[in-house]
Each structure stands twice: as C-alpha cells, then as structure tokens.
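Mind having a look at this structure? Questions to follow.
Chain naming follows the written order as A, B, C and D, and within any one chain the residues start at number 1.
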Amino acid sequence: MTDNLSGIFPPLTTPFTEDELALDKLLRNLRKYERRELSGYVLFGSNGESAFLTREEKLQIISSVREHTKKILIAGTGLDSIKETISLTNEAAEKGADYALIITPSFFKSEMKHHTFLNYYSKVAESVMIPVIIYNVPKFTNVNIEPETIIELSVHPNIVGLKDSTENPSRISEIVSKVPKTFKVIVGTASVLYPGLTGGATGGILALANIAPDECIKMYNLFCEKKFNEVLELQNRMIPVNRAVTAKFGVAGLKAAMDMMGYFGGNPRLPLEPLNEAQLIELKMILKKASLIE
Amino acid sequence: MTDNLSGIFPPLTTPFTEDELALDKLLRNLRKYERRELSGYVLFGSNGESAFLTREEKLQIISSVREHTKKILIAGTGLDSIKETISLTNEAAEKGADYALIITPSFFKSEMKHHTFLNYYSKVAESVMIPVIIYNVPKFTNVNIEPETIIELSVHPNIVGLKDSTENPSRISEIVSKVPKTFKVIVGTASVLYPGLTGGATGGILALANIAPDECIKMYNLFCEKKFNEVLELQNRMIPVNRAVTAKFGVAGLKAAMDMMGYFGGNPRLPLEPLNEAQLIELKMILKKASLIE
Amino acid sequence: MTDNLSGIFPPLTTPFTEDELALDKLLRNLRKYERRELSGYVLFGSNGESAFLTREEKLQIISSVREHTKKILIAGTGLDSIKETISLTNEAAEKGADYALIITPSFFKSEMKHHTFLNYYSKVAESVMIPVIIYNVPKFTNVNIEPETIIELSVHPNIVGLKDSTENPSRISEIVSKVPKTFKVIVGTASVLYPGLTGGATGGILALANIAPDECIKMYNLFCEKKFNEVLELQNRMIPVNRAVTAKFGVAGLKAAMDMMGYFGGNPRLPLEPLNEAQLIELKMILKKASLIE
Amino acid sequence: MTDNLSGIFPPLTTPFTEDELALDKLLRNLRKYERRELSGYVLFGSNGESAFLTREEKLQIISSVREHTKKILIAGTGLDSIKETISLTNEAAEKGADYALIITPSFFKSEMKHHTFLNYYSKVAESVMIPVIIYNVPKFTNVNIEPETIIELSVHPNIVGLKDSTENPSRISEIVSKVPKTFKVIVGTASVLYPGLTGGATGGILALANIAPDECIKMYNLFCEKKFNEVLELQNRMIPVNRAVTAKFGVAGLKAAMDMMGYFGGNPRLPLEPLNEAQLIELKMILKKASLIE
C-alpha cells in the first residue's frame, strides 16, 4: 500500500508574483519536474511557505497540480488545531492529495510530549480520509517527537510514515528497526540522505530536489545499485549547496537558486525578503563550486 | 483614543465540554467577571487555546461575548500568514472586536528580524479596520521582537500598543520612554506587573486575572494610589500562583485553578491533557498558601 | 554582618598588554574608582574574563588590589569542581578577598537541578573561610537556579547573598520576601537596577559601573532618596549603553567603552578579538546619545 | 603519524570512593579493557567527569594509566584559558599522554565563532608538545564549531583530528572530504558510529565502550569487513543502551551500567547523584533488552 513512498519527492516551493499566488509559474516548474524520475511531490512543506498561504490558496494549488500529474501528491495539512487539521486534510483529499504530511503541533511547546503526540495523531488519523505521514522538523517547531512515540504510533492503520528532518540518522535506523514494514521513513534533508537510506529510509523529501532533482535522483539510484562510494561523493558535493538553500539563506535562497537553475523561483512572500546582491553572489559561487552551474 | 488601554484585562480561557466549545460556560464566567472593575477582555490569547480553535469558533465567541459586555474586547487574530491575519481581523472587527492583538509571526524563526517584523506589522496594520496591538511572547514563539523594532512601529497610526509577555521590565521602561504617548505598553504576566507599571506600562493582560481578578485589580489600584509596598507584597504573594498557572502547569493548570476558584475551567482541548491527581493536590496547596482558597 | 553588601560594585575588567596581565593598568583604573562612592569591587566576574585567567594570575590580582583599597573585595572563585572551588576560594581569602562569588556549576547542564545545586553550594559553603554569594548568570551558563533553591540555601550560615544576572526582577522580589534579612540580593545588570532595588535588592554588581560609575551610584542614591522618576529616567538613558557593553559587543565592547571614558580598557584576551572600526563608531554614537561623551 | 587514531577508544570514567579518586578501581577496570582489542583510551572526556577533577588528580591519573598500558592515551586537557590549556597539556604530555583532546572554549558563547576558534586552536597547537584533537560537543558546551572552521584548522601541522559528538554524520563526511588524509575524524557517540564510519571517520570515542567494549569493537570490525547489515543491526540493538547511559541517565547511568556489567562504576562525584531505585530498574531492563545482561 505504501510502496509508492520511496524515491525522491521535491517539496515544491510556491511561486508568487507581486506577492500573489502564481499558479502558472508553479505549473511551468511542474512540467520540468515531470520529465524527471521523481516519485511525486510534496505541497506545502515548510519551504512551500505553507505558513503564509490561505486555506483557499492551498486547495487551489492541489487541484491544479493534481490535474497535471499522475504522481504521488503529499499535502502538508497539519495545524495545531485538530479540528482544522482534519477539515483541511479532508478537503485536500477531495482535491486529489494522496497522503497528508502532518507537522507536529508545537504552540504549547513544553506540553508537546509522548502523550500529547499520541492524542493528536490518533485523533487526526482516525478522522481523515487519506493516510497520515508524521512530519518532524525541530528546526521550525522547536519540538522533537521521540522515536518511542513514533514507534507506538506506527501501528495505527492510518499512520503510514514519517518525514524526519533532523540531521540525526540514528533516529531513522532505530525507528525502521522497530516499526511494521509498511511504515515508511523518509529522510527530510539531503545532507543525511545517504546515512538515512543506509538506516532503512525508503526515500527523501528534499528541498534540494527543487533545484537539483537529477542529482537527488542519482544519489537514490546509486544507493539502490549499492555504489556507496559514489553516493557519498555526490552527497558531499551537494552538502554546501543544501546548507545554502536551507540553514544559510532559507526559502529566499532556495528560490534564488531555482532562478539560477532555470526554474521559476521568484521572491518569497511577505514578510520574508529576497536575497540582497552580496548574498546572490555568494549563492552563485556555491552553486558553481558544486558544478551545478558554470 | 487609546486611553481605554489601561487597567486589568483577563485573557479569557475557552471552556470545552466533551472537547467541544461550551459558549454557555464562557458566558457564565463572563457574568462573574462583569461584576469586577476589569477594563475589558482578551479573547484568544495564548491561554485561550486559540491555537486549537477554528476560525468559525473564534468568530462565534466574539459575537457572543460582544452581546454580553460593553467593555473593551481585544481579539487575538494574528497568524503567520498576512492574508489570513487581515481577513480574520476584519471579520473579528465586524463581530465586535475593538482591538486586534497580533502575535509575532514565528514559523521561519531565524528570519524573524527587524525588517521582517516591519514588513509584517505595517502590511497588517494598513489593511485592518481596528487598531493593532503587537504581542510579544517568546515563551511560545521562540522569537523576540526588539525594542528598536517596536519603537519604529509605534509611529504607525494604526499600531497602538504592545503586550509584552517577557519577564524583563527593562524592555517596557525603555520602550515607553521612546514611543508616542498614545502608544500603550501592557504587561503580559503578573509576575512583573509592578515593575512594568513602574516603567510606564498602563495595565496588564494577565492569565492570573482569570482566577484572581480582584487581586490583580487591587495591585493596579494600589499602584495608582502610590502604595508601592503594598503592591509589591501582594505581587510576591501572587508570584507562586502565577507560576503554577503558567510555566509550571500550563493551560491545564490555569483551568483547574479556575474550577477551584468557582469559575468554570474544565479540561483543556485535545491534545492537551488535564492535570493528574498529584498535580491537582499541589496546585490546591499553592492556592491555599497564597490565601486564595481556604 | 552583610550590611556592607549594598550599593554599587563594579566587576572590574582585567587589563592586558600584549595578551599578558597588566596589573599596573588595573591599579591605574582602581585609583580612579577609589575616588568614587563605590561600595567595593568584584574581581573575576564574567566580564573580568576570569575564564581566561590562570589561578596564579587571579591570586596576584587579589593581592595587588587588596593592597590598594580598604573597600569590600568580592572574588569570583567558583568552578565546576567542588575541590578546586574550595581551594581557590581559600587562597583568595588568604590574599584578602572578603566574599566569594560562586557561579552555578554548569558543565552537566541537564543535571543541574535543585538537589545538585544544594549539594554543590552546601559542600562549598561549609569548607570555605569567607562567606559565599551565589552567582546566577544563565546567559553564560545556560543553567538557571530557581528561587526555591536559593530560598533553601539562604538559611545556610555561610551563604549570604545572591547576584542575579537575569533581567527578571520578579525573581528578586520573590526571593527577598522569603529569605532571612541578612541574606542580600544584588542586581547583576544595570538594565533592571531600579525594579531590582524596588523588589528589595540592596545593590548592584554592574558591568556598566566600569565605564559609568557615577551614573550607577546616582541611580542608587536617587532610589534611596525615593526620587523614583529620576532613577527611571537615568536608567532609561543608560539601557542602550548597558546593552552595547554587554549583549551587543561583549567584553570587547566594555573595554572599548572604558578607553573612550578615560579608563584603561585595552583588548580582551585571546581568543576574543577587539571591536572593529565600524563597531567602535557605533559604540561611540551610543555613548554620545547617552551623554556620556561629547 | 596519525594512523593509530583508528578503532575504538573508551573515554574512561573516573572511579570515586567516598567522593575521592579511587585509582585502584580505575586500574582494575583498565586490566579488563586491556584484554580487548581497543585502540587506546581517552582520559578526562566529558563522562570522565573532568569538570570535577583537580589538576593534580588529572596528572596522577595519566601517570598511573600510562604505567599500565602501551596503548594510545588521549588526554582531555582543554579549558577556556589558553594559558591553562597549554600548561596542563604539556604536563599531561610529560606524564605520558600521546594526544590532547581539546574541547571548544565556550564561556563567552556568543563570541565563539570562526575567528575566535582559529585564534584559540592555533595558539594552543603551536605551544603544546603533543598533537591536538579538536573536541566538539554542543550538548555540554552549547557551542558548535562549523565544518569550515575545522577544515581551515586541519592544515595546521599540530592539529591532527576531530572528535565530533553531534549526532549529525553529514558533518563528518563533509569534513573528511576536505581535509588532509592525515587529519582523522572520530565519531563521538555510538548512535551514529556506522554512518560516521561510512562518511570516512576512522574510529569512535564512545561512552558505550566503557560498558560494552566488545560490541563496539565488533561494530568497527564488521564495518571493516564490509558486513554493513550486521553493523547496522548491532548498532540498532545498542542505540537504546547508548541513550540510557548518555542523554537519559548521564554519567550516573553510565557508571551504574558499568557496575551491572562487571566493571567498577560507583557513584558520580558530587554534586551529581547516583541513580535511584526506579532508575536502576529501568536501566537494568534496557541492558537486558539489548542482551547485554540476562
């Protein structure tokens, strides 16, 4: 059932022109991605600026993308409110989402522990029409869901996977060794794709795949062919790029790199700001050094 | 124009029965508060569990409360999305909210700096029909808005105040000394009400006022009468209670204390859990020690 | 016995020339401070760069300063190791230190809780020849000692005070209201001197007093004369300066400001670096704006 | 020259009886370790409670251990003070230490950046008689040294390696790919030994090796024999044990586990406290589940 949760999924960025949703640009990017061996797409991951999208915009995006691809669509529909999460997820399902990527709730940080996570995910999972993938991203939430909690949730019939965006792959191998085979763990950042796959992850949801989908796919394929040294070499080449489009320059950097690579990146939505000149130059140097541009 | 932003405002908790909004209980509490010398109410502060409420529930609450009071209503309508914030704020205004309490955006924590805050608050303020109060609460957002940013925003005609929920009153006195007289700073936690008022704050939005409104009002009045030693003494008596219903036991503790004090507290909404027996006993002891119950 | 723990104490910076201890410069500064109404001096506070001094250098400094002043000398002699703390404290006492300022141990951060603090401070206090002042400075230690722990320790006959370097004065008023009269609480940063005194603190150990001793003394005196508005006004004027020489520019900034104010500041010790040109200009502007220089 | 920096090194715990150094117990443990295929020992790692040892105790320990083994001895001699670090390192060298493990300085956290680290390590490395291994352990220091800084330092002739105790192996593979072959990177925690070795690390300094040296050695050997699935399986079995003796129960847990495994663990030094009954039972269960005890 969850066999399609493997391979590489770019968490698509959301294009804006004049700060308004630019669906045409999104579809233009999509056409390029469709020619690649990608397994599917994530809509409204963190870097999709889902925090800045309205509910209507989100639903519109799913509908449009669904019309133009037959690949797996994973929609980020998690919110702190269980009610809102259920209703958004079910609408997303109606528009064509295959899976719901549900970020850990995080407003009441100090209360987000084993039992509250069990409460939250069980309640959501039993009320939504599509399977749930847990999304752990402490960098944005300041909350971390422990392996033992994941393991307990993994037996729920409608909780089918985890996207782990920490850079600690020991979490992945530990979890994989203790969950049902049908529960898939997906690496959330390109810097640890290789050790993550080694630890039993079945794929990657990688911001980097927005700008370098071929390299991400190649790492995955090389791994499947057991050409481990080559995976590692490619990963090491990508690490500085990955850092630049995530930790260092954030969404603005990711979008600027897309522009440099021939996709439509554009500006992030307000209140975020685009990179300045000096940052653009530094970013270009990093892409050059990694041989992504000349 | 903002002269009514002074005195004590409880940030009302939201009652639930069987995890569903219980408006009748909210109104029952309101009737008791209406007999007090409170200046108004905050709806959907952090402890109002706004993170767990749907948009519809929020609007319903404003309408109901508006019908039953003539006091100032401040509605917490800030979200990361500027668009959603504007639309929710304007609907809240139509339902009767007098002010919008706008929490700092926080999803992209590392990008939330001077310029992004200026972008966010200017854009929101120029598009909403009611005046904006900035809400700084690093405990929940992991983001802190600097005094210099507040000072710059304070000249915007539709940004009229700040609720500061840090426990650092030097922020308050510094800000007060540099903003227009019409810009009001309100203390966000009872533990520093006295130094905050000393530094020029005009009132308090205090979780504690849900359970001990009279004591909060008394602190404020004693301060106005310049009976400083008495304010301090009362504040010291309240500090352990305040810590219990905030940092120590969270919303569940605040609601349990309301039950003990004759208000309707009830359970927090899922995924949060009510206090256990041992915690209830400890909480009761703390209330007793502070002479709030016998 | 602890009546002399009141008023203003500068935590002296340590001058270096060519990265070596420059005792003559220290004494030159001391002579200037001696003409002021300061209550005493702290040697090896955080900004005294005690982390970079050898044991021999520390003892040498105490001896020299002791020879040149009759005022109270408080020596920062706390280390993670209880044994080292006791032996250094007792040597410091022999050289003339009147009090030991003992920073919270912090290496094993997650273990530093109520009981470990009780173990540590009881053991140290019963083995040293001079009275102990607890030093809480989470900014440097990432550890915070709770009011209830301080309160429990305050009954120990050889633990006589607390320097609290948080910016949260509610800690101070709560602690003061629950400890013996002989236990003194001292404010650790100028930004909250006024609310701290209001809450019952008896004085301040203030980095700011290295560069603006007269202003610090004036704040204290105005407070004693109950000229509260004037204290507040002066404090507000000093807050940006205080921030510049602490959070913003660190020890390097404090020393640069000393140079600007006619004291010997010099460079911080390696590995720290002095301010660059742009930072020096910014710092000068801040001092000017506060009317400390022309 | 640094070829011996490979394989497994336990960072020896320091035994105490009645809170005093118990060298005989240390040597008893050493005899047991000597029968294993360990590459050497680390003295005064974090879990060696070096924060609680006096300089004299440290030197005594090196002398004693040196007398009883011909294996590599790595001594943790880093302190914030450059002067103290140099003098302690050189004394340690005289007593027989082969390498100095130098923890990142950390007192002035916000100043610990690229240039300060370059200043610190260059100065130390040029003044000590034995080669320096950089030690990065953010969990205890709240400071993180970036790959680019390590890479720059790796060309210094007397800086020969890194112990990285983060759980992020992408750091390791990136660093390995950019440093001279003679610069060795060593994994600092058993939970990521396998991905670390995969990324080019040459060995591990593992708290776990105090209680399960054979399992650690086996992981290393299996990796060398390219039996990757078996390494991973063994690593997954060890992860819960490793977490128990580090993050979960700290040094007290590590020592208690040593007692359960037939080594002398004993109590941690004051102010730390031994595990309580409930914790001991939980720990025993974890060791049983991992088949370390019956």
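Simple rule for what comes next: a contact is a pair of C-beta atoms (placed from the backbone, for glycine too) under 8 Å apart; a residue touches a chain by one contact, two chains touch by 3 or more.
Remember, it's a predicted structure, so these values are computed and weren't measured experimentally.
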**Q.** Given chain C and chain D, the chains that contact each of them
**A.** none
**Q.** Distance in touch steps, counted as few as possible, from chain A out to chain D
**A.** 1
Q) What chain lies farthest away from chain D once each centre is taken as the mean of the Cα atoms? A) B
Q | Geometric centre distance via CA averages, chain C-chain A, whole Å | A | 48
Q. For chain B and chain C, what's the span in angstrom between their mean Cα positions?
A. 35
Q.
Could you pull out the residues of chain A that touch at least 2 other chains?
A. none
**Q.** All touching chain pairs, where touch follows the definition stated at the start
**A.** A-B, A-D, B-C, C-D
Q: Could you please specify the touching residues of chain B with respect to chain C in the complex?
A: 167-170, 173-174, 177, 191-192, 194-195, 198-200, 228, 232-233, 235-236, 239-240
Q: Would you mind writing out the residues of chain A in touch with chain B in their complex?
A: 46, 51-55, 80-84, 87, 105, 107-111, 115-117, 119-120, 123, 140, 142, 247, 250-252, 269-273
